[in-house]
Amino acid sequence: MTNISKKAKIGKNVTIANSSRISGNVIIGDNVTIGDFCLIGNTSENKTSKKLIIKNGVKINSHSIIYLDSEIGENSVIGHRVLIREKTKIENNVQIGSYSDIEGYCEILSYVKLHSNVHVGQHSKIMNYAWLFPYVILTNDPIPPSEIREGVIIEPFAIVCTRTTILPGKKIGFGSFVGANSLVNKNLKSEMIGSGNPFKERGSINLIKIPGKNESAYPWHSRFQKDYPKNIKEIYENFRKKFI
Amino acid sequence: MTNISKKAKIGKNVTIANSSRISGNVIIGDNVTIGDFCLIGNTSENKTSKKLIIKNGVKINSHSIIYLDSEIGENSVIGHRVLIREKTKIENNVQIGSYSDIEGYCEILSYVKLHSNVHVGQHSKIMNYAWLFPYVILTNDPIPPSEIREGVIIEPFAIVCTRTTILPGKKIGFGSFVGANSLVNKNLKSEMIGSGNPFKERGSINLIKIPGKNESAYPWHSRFQKDYPKNIKEIYENFRKKFI
Amino acid sequence: MTNISKKAKIGKNVTIANSSRISGNVIIGDNVTIGDFCLIGNTSENKTSKKLIIKNGVKINSHSIIYLDSEIGENSVIGHRVLIREKTKIENNVQIGSYSDIEGYCEILSYVKLHSNVHVGQHSKIMNYAWLFPYVILTNDPIPPSEIREGVIIEPFAIVCTRTTILPGKKIGFGSFVGANSLVNKNLKSEMIGSGNPFKERGSINLIKIPGKNESAYPWHSRFQKDYPKNIKEIYENFRKKFI
């Protein structure tokens, strides 16, 4: 049942599972892999003129759905059963975990990692090298239901632990750490720990130690570099100058 | 691989993706759309004599699964990857968000909206014009595991915000508002705010203001009418007389 | 589009939906059923020499994904849209609910039941007859992101209610009860109740009564035997001797 739209442009060395469907104006770069049972170029009504751009080296795992009018940057990896709606801009080297639900009208900058089952509401902005762990929710509507959309901002190198909910328009500062299960109803400053419900600032990220050692676990780039550029320390310092 | 059961009855102007499967006694009205990779008329063992009724104008998005012995009312929209088990009664103009898990033996009345990833336990009753936001869970078993099923009741026009858990048998009153991340362990009265864990009543819904204005944001129908009948104000007042 | 790998070994009386794909070294026992749109024997790169063993009587529901290098024991039931990654060992008579995400490198022992949308992090060990209810999360990384993996241990007959998060390396004792929505940051002793955030021990499981009666609801095996061996009482007592 290979079904590739005539409008699609496909690069070199691309693998598309026979069971998946590529619809509409989809531009696929070189060395892209698309697993089974995917819908690539899905569309709401009357939007078929829009493009979906999937750049070189992207891997899309099975059962995923990606709408037209979005872009996925080089070497990004999309997990199983991901849903990405229109007007999502994903930069290079991003990882989107399985079951994640990206509602569109949002930006996910380079080297961001979302673990499984992250819900990204419209108008969210997740900046470079941030991590969102399983079941994190970024909301956007301050008086539901309404047409107001106040997106969440996650600044670079921030860590948001499992099952945290971030309320509309709140900002998680550069290099900060949000504990598991928090309900974030105020901004968190850069390089600070925040947690709980009610959400409170708990001091500098230096306070969290590596288990069994007397060394700070954060900032994390000094002890975890897997899949990152070699100059991640320099990158951190450069972002730090901009954000602090 | 179009696979449509011989027992199925299909109306006029129906679109069914080739990759989807229609099994058993499925009755599909006019102007219905069914996306890719769906199982419509799925069945547990020995229940093949049961019917699934999908009424005029229903749209079912890709990767959804709907069991026999259920009913979906006119113009209702089912998102991607929804699971609807047997003995689910969905009325007209309902929206079920992507990844939602409807466990069956439940009722969802007209104009209800469920956002993404809502979990509806058996014996729930969600009444007209209510909204459930992402990752809301309606439970039903007071002493798990057991065979006791005490369903949750959501009365008309109630709002249940993101990631709220409602314990078995609890009732959310007409036009009330439940804040994000609550654990609801008692009933909430009509037109009241409730939130938190421990869950507490926080006063009248009038206390929530539209951001930047000195106007009450609730009841919400006075400022949000998208996709609703024009006489929604009158409908609200009529329900109010019954429930308050 | 039936697609069954030549390397696969298929037992007697096996039903595999045409739309599903069996890849690589998959060994399927007798009386196995595999629903539509499944990927059985999925693989990360360079791991194709590994085996997936699916034993007699297993039922796998639609849209599920199971990686190579895992094992599923006799008569276990896998729900819809389940994801099971490599190095998952599932014993006999286990039930894995729909939307559950089993991250691999973990053990799920006989007669465990996971309800819908349970997230099992790597290195978890869920022991016999335990129950995990919807949206429970077992984490594993004490200083995310890191390469440290401290798995959660759930001892036999424990109950973990809806939406509980268990932090890395914590142990839930034999026959204990964890209330809904808890954030578990310390071990819970055997046959005790724990709940809340902050998480606290709340006394013996005997304190929870059957609604409307003056009888203890726990240990649960005395009032709920569905799908269990007839000698479940004896089994409980034997485990109790080992764990208490």
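Order of writing sets the labels: A, B and C. Residues in every chain begin at 1.
Methods note: contacts are C-beta pairs under 8 Å (C-beta built on N, C-alpha and C of every residue); 3 or more make two chains touch, one makes a residue touch a chain.
Keep in mind that what you see is a predicted model, and the values were worked out from it rather than measured.
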(message) Given that chain A and chain B are copies and touch, would you call their interface same or different according to whether over half of its residue numbers are shared?
(response) different
(request) Rotation angle, chain A onto chain C: superpose the C-alpha atoms of these two copies and give the value as a multiple of 5 degrees. (result) 120
(request) Using mean C-alpha positions as chain centres, tell me how far chain A is from chain B in Å, no decimals. (result) 28
(request) Any chance you could list the residues of chain A touching two or more other chains? (result) 1, 19, 37, 63, 81, 99, 135, 197
(request) Would you tell me which residues of chain B are touching chain A in their complex? (result) 1, 18-19, 35-37, 62-63, 80-81, 98-99, 113, 116-117, 131, 133-135, 159, 161-163, 180-181, 196-197, 208, 210-211, 217-218, 220, 223-224, 226
(request) Would you pull the chain C residues touching chain A in the complex into a rising list? (result) 1, 19, 21, 37, 39, 42, 63, 65, 81, 83, 99, 101, 103, 119, 135, 137, 139, 142-148, 165, 167, 183, 197
